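Next come two complexes built around subunit A: one with subunit B, the other with subunit C.
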Partner chain A sequence: MSAPRPPKGHFNILYFASASSHTGKDMEALPAPLPLRKLFDILEDRYRGIQETVLDHCLVTINLSYVDMPSSEDEDGEENAVVIQEGDEVAIIPPVSSG
Partner chain B sequence: MNNETNSSHNGSSSSVQRDTSRPLTEEELDRYSRQMIVPGMGKEAQLRLLNAKVLIIGAGGLGCPAAQYIAGAGIGTIGVVDGDVVERSNLHRQVGHSTSRIGQPKVLSLITHLKELNPLPTYIAHTEHITPLNAADLISGYDLILDCTDNPATRYLISDICVLLCKPLVSAASVQTSGQIIVLNCPPTPQGLLEGGPYPPCYRCCFKKPPPANAQLSCGEAGILGPVVGLMGVAQAGEAIKILASNLHIPPAEGEERRPVEPTLLLYSYSLTSLMGPFTFRALKMAPRKKSCFACGEGSQERLTLEGVKRGEPNYEFFCGLGAGPKQGVLKEEERISPREFVEKVQTQKEGKYVVLDTREKEHFSFGSIEGAVNLPFGKLLSKAAQLKRSGEMTPGVEDLLPPETKVKDGEEDVPIYVVCRRGLDSQEAVEKLKEMGLDKGGKRKIVDIAGGMKAWKEQVDPSFPYL
Partner chain C sequence: MATQQPTQNNEDPQAQQPAPSSASTQPTEISENNIYVSLTHSPLDYTSTIDRVRSPEAGAIVIFAGTTRNNFNNLPVQHLSYTSYAPLALRTMLTICRSMVSKHGLKGIAMVHRLGVVPIGEESILIAVSSPHRQAAWRAGEEALEECKEKVEVWKREEFGGEEGGVWRANRDGKIGVRVDKARIGGGDGRGEKEEEVKP
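Right after this comes the complex of A and B.
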């Protein structure tokens, strides 16, 4: 099963487990391109408190591959910085620990 | 307790000479025939399974299905660790137990079931919880570990010990309608080794920090669907069998060329309403061992040792925020009322108007509530509040925070609000939040927490209340 294609100039972001309960959504489309290091700020702005309860300990993938989250102050290596592109699929995956 | 229930093999020591070239018995040939003829299996792979020792930590929703397939496949020695007893509320998902064994230690119940399925393996019962004190002793006797536990502190502990003892770990977890599974530290790689990598990650490489204690969901509180957790447990057995049959649990010999296994996290979500479709599997490519990892990265030998873990370093409970306990004493005394007092002082006084706000999830609410209560799930309350804050519409939009059923006539804006939840924690935070948003009209309107939630309601007021 695949998610619907994001509209032009957007990327899809998928919310799993507690990310989904916090946002009340499974997925949405956000404007692209977006530098990866700005992603958490944008989400915190939309969903107050999500940084502390979800984002700080979750893992992030772009197009099914793990990415290291740079911190938002991290200005070094600007030219190598990851940028989320139009049509990408980003996923927010918090750890689940029950069983 | 370490109780070996079948002494046909010597199952307790970690270094026995294994005869890997014996003929299979008539019964083994018959019993395992269907899996042995699968391409890539054959006699050699089956003998590896017969000689392998697998430890299943947790005999619950993951451990039961995992153990069934591990036992069925003929893994030679199977250890099971759990300190709980079987409860009726386990049985919808913990399929290795039975109604007739309610009250029995889970480990013994599961082994009873497994022996029925396959009497040939050696089963070892560890009827205790895994702790920093016993973890290394439990894990050292096995070739491969399955983490089928239910809390973050234990997950970090098991991963750390597997790094220290060089054991591959198949870790799975599940809650509500989603599940995850990942193979860690496989092939097992010495702690701190980075040169010549990439090497496989450990649990901390993937999840550096646990969620804050109040954001951790347990199956008891959040719920779990049997097939969702079952699927993850079955997948754990599948990974274990694959690893053992192909000898991936043994570090490569010097000079041995081996195609590296890409660390992959399988994510399953199962929701009828999801835009992603009625069910989704996503196989995510994970990063290798991290240089900065506390447990297996550079210089980790200085930070994490077997002796240290026994001494209480690191402190897993503290790391996972469990030492702190629930937030207490946030509210003033007049902002709290016990369920009994609520009935006596509020409910039975017919003339006084009031609003009861129930912040449990709507599924809990669907079984019953305090008379006249209006449902506003805690998560929804928080996100609505955040939305209002963002739009800067504190007043008069703040009234929209409450469900329309609670609207009062002009001149009645000071009718008190009583907030109740499941166990009395969310409701306290909800009271705080409502005050912060200005709904208390600068103190003119009382907002009160019903202390102890519907759990206390059942204990103090209505023993027949369907509290879940």
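Right after this comes the complex of A and C.
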């Protein structure tokens, strides 16, 4: 998949496999910056039920690197918290099934 | 690393068939020294894959072919298709291959995965490895496949046809995966739709 540049003030998020089926999309642009720990809440607001059926089983990448998903209640380490920036490419990675 | 011809290009599968528009601007293969990884929408080719790892220093070439099965736990599968996060999948394949080369002293390794619809009984993946002696090649071939199935960002969807619909498989847990209601595709907000796990 090749994502077009996101609009100013946005990042791209890519959906694969079950994430794509649940959202009905391969990708979309969401407003940036966004603290990573708020990502799943934002998606749950937009796609009711996605947290439990999809996101709980998924990993997340930012610009092709896997990131640890902090809990949304986790206020610790605010200083070092990952923030998704304008122009970033975020991807929801469900359990893989190659071969 | 051995000096051999790593980038023989006598038959480039990408050249035969235009890639879908969604993939057209991205590389679908990476060559590096004695390593070749590729994602392609074309049928896989044994000879060209083996030629990628051929070496005068090798006494063994092992090739693994994964083919698409017509059932999952006796549920008939009409057809299968694969999607990928291509740039990340290629990167992961490359990492696995580098690790196999250094761990098993390979002279070459090629890992090629097919995308899109793969008709039943056809190859969805080829892995070829070469080494001075057969033991390392057998081991590396098996380990490369296991690593690939665990990590590479490719997803298989099995279509059961009729009311059964399709499911996204997950290698990790060996379960059948999540049923996909056709109505949901393009549905937008996902509200009011249920997702259920299909019991095998």
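Just so we're on the same page, the second predicted complex is superposed on the first by the 94 of 99 C-alpha atoms of A that agree within 3 Å, B and C clash if a C-alpha of one lies under 4 Å from a C-alpha of the other, contacts with A are read in each partner's own complex, and residues count from 1 in each chain.
In the analysis below, contacts are C-beta pairs under 8 Å (C-beta built on N, C-alpha and C of every residue); 3 or more make two chains touch, one makes a residue touch a chain.
Since the structure is predicted, the reported quantities are computational estimates derived from the model, not experimental observations.
Taken together in the superposed arrangement on subunit A, subunit B and subunit C clash. Residue contacts after overlaying the shared chain place A:30 against neither subunit B nor subunit C. Of the two partner chains, both subunit B and subunit C are touched by A:47. Touch criterion met: A:96 reaches subunit B and subunit C at once.
With both structures placed on the common chain, the touch criterion links A:64 to subunit B and to subunit C. When the two complexes are overlaid on their common chain A, residue A:81 makes contact with neither subunit B nor subunit C. After overlaying the two complexes on the shared chain, residue contacts for A:16 are found with subunit B and with subunit C alike.
The contact surfaces that subunit B and subunit C form on subunit A in the two complexes overlap at residues 1-2, 14, 16-18, 21-24, 26, 46-49, 53-54, 57, 61, 64, 91, 93-99.
Contact residues on subunit B toward subunit A in their complex (touch as defined above): 58, 60-63, 148-152, 155, 172-176, 178-180, 206-212, 214-219, 222, 224, 229, 232-233, 265, 267, 269, 271, 273-280, 282-287, 379-380, 382-383, 385-386, 389-390.
Interface residues of subunit A, counted against subunit C in their complex, comprise 1-2, 14, 16-18, 20-26, 46-50, 53-54, 57, 61, 64, 91, 93-99. The part of subunit C that touches subunit A in the complex is made up of residues 22-26, 66, 82-89, 91, 113, 124-125, 145, 148-157, 168-173, 177-178, 180, 184-191, 193-195.
Residues 1-4, 14, 16-18, 21-24, 26-27, 45-49, 52-54, 56-57, 59, 61, 64-66, 68, 91, 93-99 of subunit A touch subunit B in their complex.
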